[in-house]
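Should a chain be cited, it is by its letter among A, B, C, D and E, assigned in written order, with residues numbered from 1 in that chain.
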């Protein structure tokens, strides 16, 4: 049983981790550029999922479902993702404009507070407009379960993992090898002098938020496919944990954020079977409910031994207070 | 006693979650209450006519807030009695406040024993988990012929955790220790249940018991299916609220859960309530709505039974409590109710099956001995 | 036995040998200068002596005690005070608070005193204030006592930094380019301040400077550092005229533009 | 005329830093501003590069374009006015090469970029050695070279230099000034130089202004200024 | 230059009001408020009846006003029925506020300037403790009478006082030391649980913790011990964050502290012997107003002592430049340790009080939501400032209550307000202001 059992859990961990990774990527984006905790990011993820829901429903009603379908499911999905990414990017731009740009000179913590507050406003607006009930995310593509030697994998899981790895690579490329990426990193270090080398600072900041939010939208939709119950607070605890991943990876490190995201998912999922195995081996009786306790103790220990995260540089940006 | 009208008004407070993690529950309660008010804006007590006033206060689905709201309703708004909170995590602490201030409180939906225990002023409108647990265990044994069961529940929430434990005790009572082969937990807000379901799959259980809220059920059911689970799933009364079928779709069809009443195929008063509610709000009333309706009915009945109010709110509250305690066979839409000494009604549980049309179809009724 | 005695000190950063086999002996009341091109490792030597970095090799002795590996606050409390090249001041603190802070190691009222406002604490705080005011006067910045340092003119900020180091009552003062960014006037004033402090406390001073005039005015002994190694040392005049120093550091004076 | 500034007023909140100063720079000219600490020299440069807002009534034009209509990054990319700020302000997390490349962010002439980077490395060979070192770990002098190189990359009609000699060893200081002179000669780049080392600045420049407490009190030919007894007394150390 | 000439008319008004109240010492305000609350106790009910208010306004009429506003809002967005007659309650609530509070307060404050200053000056002749006790006693009297009118006021006041202590204890770390610590609700949880363990476990019979160990009549006298125990346990827990802070700063420390919060929460959820997620209820009713008032006053006093001492200022030095602090003999490890443990101690005490006010604790109370709340209080009020924390905690607590009638809209209004404050005062309302006890209690000398 053990091999199957482990493989199955590994696959579960991969899917779960890919969401942390995707959201952590968005965090890391904004974070590495403005050195800000964008605490609204989790809620932008929520907004992205809802926008995705709206777009998907719209497309479904336009192009039909079932036998009357004009477009195949996968095309609808791709369209939904692209349109929602585009729309959510604007949400990000607005959030930057309203909540962050006025605070560029302020202590970072103040901006963190604004982020938190914008998050609350997004959640509340959602309840105001949609009434707070859970909504179901439509299943654009047929779910197919493959049984590979007793290990169950769905087509969606595979897709989700591939998409997040793809996005991570693309983003890494953008950040480390393009002028835009350099400008973003430069801004993280010392935003004041960025204009002095001819870089339009506000454009870069807006771009960053736009990309980060678009990523959140993609994550939101994939999330909707995997866990089709949306609620206004879905971004909160998820957001905080992705935030942990973003920093754990090492601030400003896109790869790091992504890997840490996978790792966090891995730790969270694998503690359950690990406890099972321990119990069986040593005939103990530890509950799998200790998951958070164990997972975050691991995070804590990692940070104690790697004080700059997994892939973080040791340079210290000037803390603004 | 200040306002000229105040003497002719009876105020009832609602301590419900309008924001926070479960606004649906608050909305259903509020809907139900408003419907009641529209229908019966005045009541006769001891030959005198009173206006009913309802005060809805938001407990944000937080224990801390529930305490504040109870205090506010009692000391500030001067309510005669309180309906709510719905969830045990709020009802347990809020019950303490109500009891300390000697104000009658009915929690429509809290199934945790501690809510009313040693609190003469606190009542509830539903059965208790020590009852529901065995009902489910028996059902799994008798109807689903299960010999080994698995449970997946939220360790961080009062209700699922309590019920899971009662189920486990009852099931192991029948099939012997170790017959609950997987007892898997998660934490509020979790969305991924694949690790737990993997374990359950490997455990060889014949049935999974899922005492979870309607918002988590679809995800759990789905995770089960994705892991190749084909055996039955059994739920609890929390399934019957909110928009379970809207969220779960086909995935949930064919499963069973124990609950307070079955909307599909209801008759009489219950049907009248369901029809009116559906006409007003465009959706079938869920359990909270029905239970809130009954709790309100109980409260009003008790007020009437006092035979007349003195105008001294403190004395009146005690009178209402006494009247509540001695109510016999109140004809609620979710069943007849008589309170035990603890303030718990003896009520039957209903087991419903989710049929292929997605309706909650009456399957069986289990009454306490 | 010299007051500050460094032998064979080296450090690497990654592959870079920033300081190699460095040695120094500084007697009480002596002023020694350290010059050298940018990136030669001068500041690094300060960081090594004060304990910010730990040398990969070699030892530092102060007042007859081995201090290699001690933490900066410990070396400072022993009497090894310094200033910083880029002037590290505390943005949100007043001038007086700056100076008092340097009395930290001399306070004995402890945390309990801090929490409970004991008489002992009141006495010690009062004494620290009085002493600090004295030092502020000495460095001619007493009129700014209650202002935030960021609002002070540049020269005054430099003097505050120096006063802060002095109130530790050090035996050795390490100055990292104390006149950088100063006008000639201010530079002359700074030279006077350093000289006064030196005379009054018989202070040993170790000084990094790029302005040769300052070195000339103050130092009896100079080391020229290139690529982490001492190239030449001796009197200021000797060092300054040494062909190797000219080649690596001073250059052909007065280039025509 | 390249740059024309009239009645420039700047204040930081309640603190008035510049009280309406006027000056001119011609194409290819080297101009210096000397003054005590806090006189407002850096503020003047910041105003020209649009890093600080100026008060109403100030006039700044560059080749008949209104500078005040442009945001800071356009001043660099459209007009070629670059600013080497006080304390260098490099992007310490970027490597030497990245710092240089970033400076070409708004440039359209791809082909010339490589050539320009070569030029920078010719002027400062030390930078080429350290091309992939994060600039934050370099010594002060190395950073100063890179700061100038970075400015060179982003535009070279007018370079605003804020105390480039600060903290440099004498030899390096000479090198830097020689390099600047070369850039000025070869590219026709005009330079507005702010320096504490007034003697050096005046020797290096053709025209000078003296700034005191936010007012320009003296202007003229650098040679005349260097011999002016007042200037000698106040700024050249007797 | 004439300063007022350039001022906006309303600004001029504020200036004049400020000027009017300038010579009033704390003593004067206390006298004023004392008169107000006594006056309210006498005439409040009657006046509300005359004004046609349904009840005496509890929170200075704000609650009454927002109830009406909420009615209008619901009418506008949901078309709910709205009783237009209640509109009149807005002006009447304001009249009530004016008659009961504003007018007497203004009069008494102004009239008492001379005697109050004289008294304050007289008291200054004695040791600080005397004047402090007198004025704190007066303050307590005011609060006691104010809260005596309604239990809702009382619980609001109690929770507000606890919020003050909690906020201030976080300000030590986030404001004075400049770290972004997210672990505070965790410290509070430890305090709340441990204090409850002490009181419920030892002195009451409880389903979770079993029979009483001691059944002493004067058991409530042990409450201070219980609080201290809770505080110390919280401080011990804080070691887990304090020790990594030697090497780690900024964002990474923020994550460590956040992980700590998750760990603590998960720990209590899993401690079946402490009730697990169900929590512990039935704490004895020992957290009365005087107990809370004394504890919070003592807490504020020690925290203020700490941050004004050179030992405490070392926190600022570490925050602004750690290298410089070390070079100036500051023992940064000791400083960080002190800040974390001391802050956690008071957070723990605040938790102990909270548990005994609510008479219930469960792990869900100490979630990231609580974190957001206390962070908001700290940053809204102002960093590095005792005043700021008091203002932040009081205003957000009261606002939270006063805006209750707005229901869900409350969660749009409060965040918007906070964003505005952050935009216009990025370090908070009253940041970097020293709280000089002598000056606060002393006379106001105005020429």
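What we mean here is this: a contact is a pair of C-beta atoms (placed from the backbone, for glycine too) under 8 Å apart; a residue touches a chain by one contact, two chains touch by 3 or more.
A quick note: this is a predicted structure, and the numbers were derived from the prediction, not measured.
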Contacts shared by chain A with chain C include exactly D, E
Chains adjacent to chain A and to chain D under the stated definition are none
Greatest contact count: chains A-E
In terms of CA centroids, furthest away from chain A sits chain C
For the pair chain C and chain D, the C-alpha centroid-to-centroid distance in angstrom is 31
So, in whole Å, the Cα centroid of chain C is separated from that of chain E by 45
Expressed in whole Å, how far the mean CA point of chain A lies from that of chain B is 36
Averaging C-alpha coordinates per chain, one finds the centres of chain B and chain C separated by a number of Å equal to 73
Chain C touches at least 2 other chains through residues 91-92
Where chain A touches two or more other chains simultaneously, the residues are 124, 127, 236-237, 287, 289, 291-292, 321
Shared-interface residues of chain E (touching two or more other chains) are 266, 269-270, 319-320, 408, 411
Those chain pairs meeting the touch criterion are A-B, A-D, A-E, B-E, C-D, C-E
Interface with chain C, chain D side, in the complex: residues 36-38, 87, 137-142, 144, 163, 166-172, 174-175, 177-178, 181, 196, 198, 203-204, 234-238
Per the touch rule, the chain B residues reaching chain A in their complex are 19, 21, 23-24, 27, 155, 183-187, 189, 191-192, 194-196, 198-199, 202, 214-216, 218-219, 222, 225-228, 242-243, 246-249
Counting only contacts in the complex, chain C reaches chain E at residues 50, 52, 71-73, 76-77, 81-82, 84, 88-93, 97, 100-105, 107, 109-111, 113-117, 121, 125, 128, 164-165, 168
Touching chain B in the complex, chain E uses residues 45, 48-49, 52-56, 58, 150-152, 155-156, 159, 207, 266, 269-270, 276-279, 281-282, 354, 358-360, 362-365, 369, 401, 404, 407-408, 411
In their shared complex, chain D is touched by residues of chain C numbered 13, 35-40, 85-86, 153-155, 177, 180-188, 210, 212, 248-253, 255, 257
